[in-house]
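Across the two complexes that follow, subunit A remains constant while its partner is subunit B and subsequently subunit C.
Presenting the complex of A and B:
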């Protein structure tokens, strides 16, 4: 009786949602294959742990960088295409500062400001320079974002989301080419040549460098900080209120322009920090760094549910892990398409994303 | 002297003029209702007072000072509360957070006001940590009023508070509005439910096609043959 019931329900589910059933089936098959492969040694355990670790790292980066995008979307109601180039601004401005401090006296001023000196900075060799660089990456990105808001977005506050989106593409181009003009277009190595490993994380999976560990700790700390700010403070509550209903926020007496300013400060601050940390982990820097990440960040934010900071974090982790773990089965050239395919699949079943709905909550 | 004095108000949206030469007056503890057919511009009166419609002329004086052209947060500061008809709570915020937002312009949430609102609407205290989106229509309406009462306004403007509520809830809601008025807050209410509103208010305005048609006590408007025939369904 109960078996028949279960079968009947399963049957109804498969007929009612055939596509979802196929997705579950494929996911299940992959999981079985993974367990089987690891059991028989066909898929080495250290490969899986290494890929998982890499995915986690990329996911944290995408999540951290995505929070600002999600925030500006929910408060200002537009998809900000210049977000990627705010990452670039953060990376260059922050590393200029770090190089200025780290190489003081050793190399000439110009080479340090333009990040062309060969300094091989690590967190251990120059902790002070890295910390100040990180803080100023945030501060300078905030400054640029506020200037852009005053010059471009504020006069357009009542325009449609599409007009603002197109304006933001213009801002993206201007920012990127300004960076390329000042720093020139070559790719440079920035961080330490010698890896300093501190944490043996998984047996055989390789160790974690100090720079990478720093990225993870700072990223998670900032995420927790944003969570507390949005959930526990008056400003955070006002931001959620504005995301819910701008008109009501206005007639409730919430000073909406001030909340918008704070949204830029928070969003751009996190984005600038993300830019700095990405370089700390990657070790290289060029003027396309943010633009190259933008589509993946959009994928993460949309998959998670645009407008939600938790969606940005969750979506970032899912995209990062998918991209990384998919290479167990497919060539790495297809890793990014796999991540985007997963995003499309999620949207087919949950059009508003995993953490659905427009809300900073 | 009247608390709110609107004279010769012309207003609308963009180029479209809705209100023409509207006069309105509310005393310090009065309960005034604006009734009239659909599209008469009832809600526009409130939106113009609050600076949300396009102001085209006339004077709006609150507590002796002209308030036309002021930002909503400045108007709130002067003691005017407004509860719009739809979407009048923040659905993803908790009930208590909604109330706290009502006191945003103060540096601290006034504990005694919160207490008073909870005493007035006990259901809100019961549901204080629930998200407002999960409340019923009647509870939302109470929450919206509670939020506007957080600053202890001298005048509370209510736009169709009974819209969409079940009949037994409408009675309860009007009783609560009476109580708020009895406690010394002036009420300006726009209502679709004209008979009930005129029955409860001190004075009523009948607004037709953007103009004042009748002004009188609620009682006399209800007795007025012409008003009954034209607007109250005989």
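Presenting the complex of A and C:
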């Protein structure tokens, strides 16, 4: 009886949402092929673990960078296209500070402040400089975000989400090219290339550099911190209330303007930190770093459901893994298009996100 | 009901001088001024264009350019103005008319251009193509862009505006990354024998060949000029203008024809029943659907049409050089088109052209002349700018010690001025969205009815059934074929507001005053 019920429901599902069924079918076929390939040795296990590990790292970065976007999207109600450039601002400002501290006395001040000194910083060589850089990356990004909010978004608080979106495109252009104007356009090597063996991970994935390990630890810590803040504090409750229903929040006596400020502080702070950590892991820095990530971050946030912090993290991991693991089947040039395609599919079939669209949970 | 017609509507509208009051004196004065809004718009566009030409001619003179130099500057400006005008018009169809927030313009252009390139490129080229005639390439490019537009339109049916924005942006990036992929090019070569050459781009016989065929026998620049070419080159020679510059201006004529065609098409669509449904969807899709319109079908159609136009605009643009590469189609290009549209005023065709004109010339190309103007101005003032400092830090240090020249030199050196240009673009976009979201001309009241209601008397005449009264200056507006689907113009929402029924009918005899306008 229950089997028939299940079958009936499955049948109804396939009839009701044929396209979604096809998507599921393709995903399932790929999974079977992966398992079969690994079993027969067609797809070397080593490759899979390496790709899995890379995907996990990229996913963590996307997730961390996505939390800020997810918060501003749900509470301020617009897709912030300047989010990527807040990452850039965080990366540049934080690394300026780190270079100022790390190379003190060694090289010229100007070369250090513009991150041109080639110091090869690692967490082990200059722990103090890295920590201060991380903190100030957050602080300076918050400052910029608040200034931008005051100048651009606050005068149009009542405008539609699309007007704000368009304004944020303007903000993105301004921020990115101011950074380019000050720091010039070249790509610079920032961190040391040496890999310090601290964690033998899977076979074939090699070892993790201490910089990467730092990224992972800090990212997870920040995520837990945001979770506690949003779940346990009064501010978190107010933010969730605003994400849910702005008017209702207002008449309940929530000081919405103050919550907006705090949203920017939290969102931009995380974004700045993410920018700094991304550079720590990647080792290189140029003014397009955030813009290049923006669409992937959007993909992550949408996948997880806008407004959900766990969703952003989960979405980031899925996007990172998709981008990485898709190269098992398709040419590497199409890794990023595959991730974008996944985003489009999710928007089409499950616009509330894969995890059910719980706002700022 | 009895409110004085015309006054409120027209004062907020385009200021249709004549219908502000109904006196006969006004009708007389009207005949001296450009008569319809349409004619005034053309005058406005041409005046703006001439003003911009004059400005840049002065800049050229200030920089000691010779005739060829100045004409070349103006040629390049015209190219950008025309290309952006076409792109903005195409986007206006999506965003201005229908409210579809498509930020994948660059991707649809890329599809059009690359399809055209693959179809027409010579089979012996580095990136071989099918070697088909030019017109096949153009039609094929537009058709393919429309087809991809169809794919993109399906999400447009069910998504919120901000989601649609992200989907179209994602699609445009997928398209760009695909054309950038050498693996894609190789696969294409294996399968079909044609290639795109990945990131290094491909050559193809661009639409400039049209001009070359018109000016040279056999379309080869080394061969004899045709009669037309001979005459124009001779004319140029008498003013010391090089044949190459003449040829460039010849292509501008092609572009200008393109702009006019886009404009006329858009105006016709705007005033057709199809266009009215589009605007209804923009204002309130539920209402449009409730009135029995299949809004999904309309959205799909308009998406495909707009994308085909974007493809054509891309073909005409890249066809000027006969070379294209994926780097031309970054998402920033889409944002430029949006900035131009928002400056001009979403929903207004004349505004779109003006926006494209102003953006392409003053905002996009203009800042690039600033460094030379600054250097020229300083040298006239007897100040030596000196070599630019290497870094912003050095320039800032000098600024700190109250010497602004190094910072000025840094700001005007190399690519730095283009960064500042993008900052300027961003600031302009923010200011327009904040202060004047309707743009230059977006505030105008649109004619939702088949005929120009600012010319009220004509409405009633057409209402009376004699649809052949639509002639002359309002011919583009009054499409007789538009009447059947909308049997009672009074039922369209805008009509209800603007048609003050009884009073208008009483002044019906005035229609005879209105007609001799022509």
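The rule is simple: the second predicted complex is superposed on the first by the 340 of 361 C-alpha atoms of A that agree within 3 Å, B and C clash if a C-alpha of one lies under 4 Å from a C-alpha of the other, contacts with A are read in each partner's own complex, and residues count from 1 in each chain.
Rule of thumb we're sticking to: a residue touches a chain if its C-beta (ideal position, glycine included) is under 8 Å from a C-beta of that chain, and two chains touch if they have at least 3 such contacts.
Just so you know, these numbers come straight off a predicted model, no measurement behind them.
Annotation for the three-chain superposition on subunit A: subunit B and subunit C fit side by side. In the superposition on chain A, A:299 contacts subunit C only, with no contact to subunit B.
In the overlay built on the shared chain, the residue A:234 is in contact with subunit B alone; subunit C does not reach it.
Contact with subunit C, but none with subunit B, is seen for A:156 once the two complexes are overlaid on the shared chain.
In the superposition on chain A, the chain among subunit B and subunit C reaching more residues of subunit A is C. When the two structures are aligned on the shared chain, A:341 is found in touch with subunit C, with no touch to subunit B. Of the two partner chains placed by superposition, only subunit C is touched by A:177; subunit B is not. Shared-chain residue A:244: touches subunit B; no touch with subunit C.
By the touch criterion defined above, A:255 lies against subunit B but remains apart from subunit C after alignment on the C-alpha atoms of chain A.
After superposing the two complexes on chain A, the shortest C-alpha to C-alpha distance between subunit B and subunit C comes to 16 Å.
Within the complex formed with subunit C, the residues of subunit A that make contact are 78-79, 109-111, 113-114, 116, 152, 155-156, 159, 161-163, 165-167, 169-174, 176-178, 180-185, 295, 298-299, 302, 331-334, 336-337, 340-341, 343-344, 347-348, 351. Residues 50, 52, 72-73, 76-77, 82, 84, 87-93, 97, 100-102, 104-105, 147, 151 of subunit B are the ones that touch subunit A when the two sit in their complex.
The touching residues of subunit C, counted against subunit A in their complex, run 101, 154-155, 158-163, 165-167, 169-171, 173-174, 177-178, 180-184, 187, 335, 338-339, 342, 391-394, 397, 411, 415-416, 419-420, 422-423, 425-430, 433-434, 437.
In the complex of the two chains, the subunit A residues touching subunit B come out as 234, 237-238, 240-241, 243-245, 247-255, 357, 359, 361.
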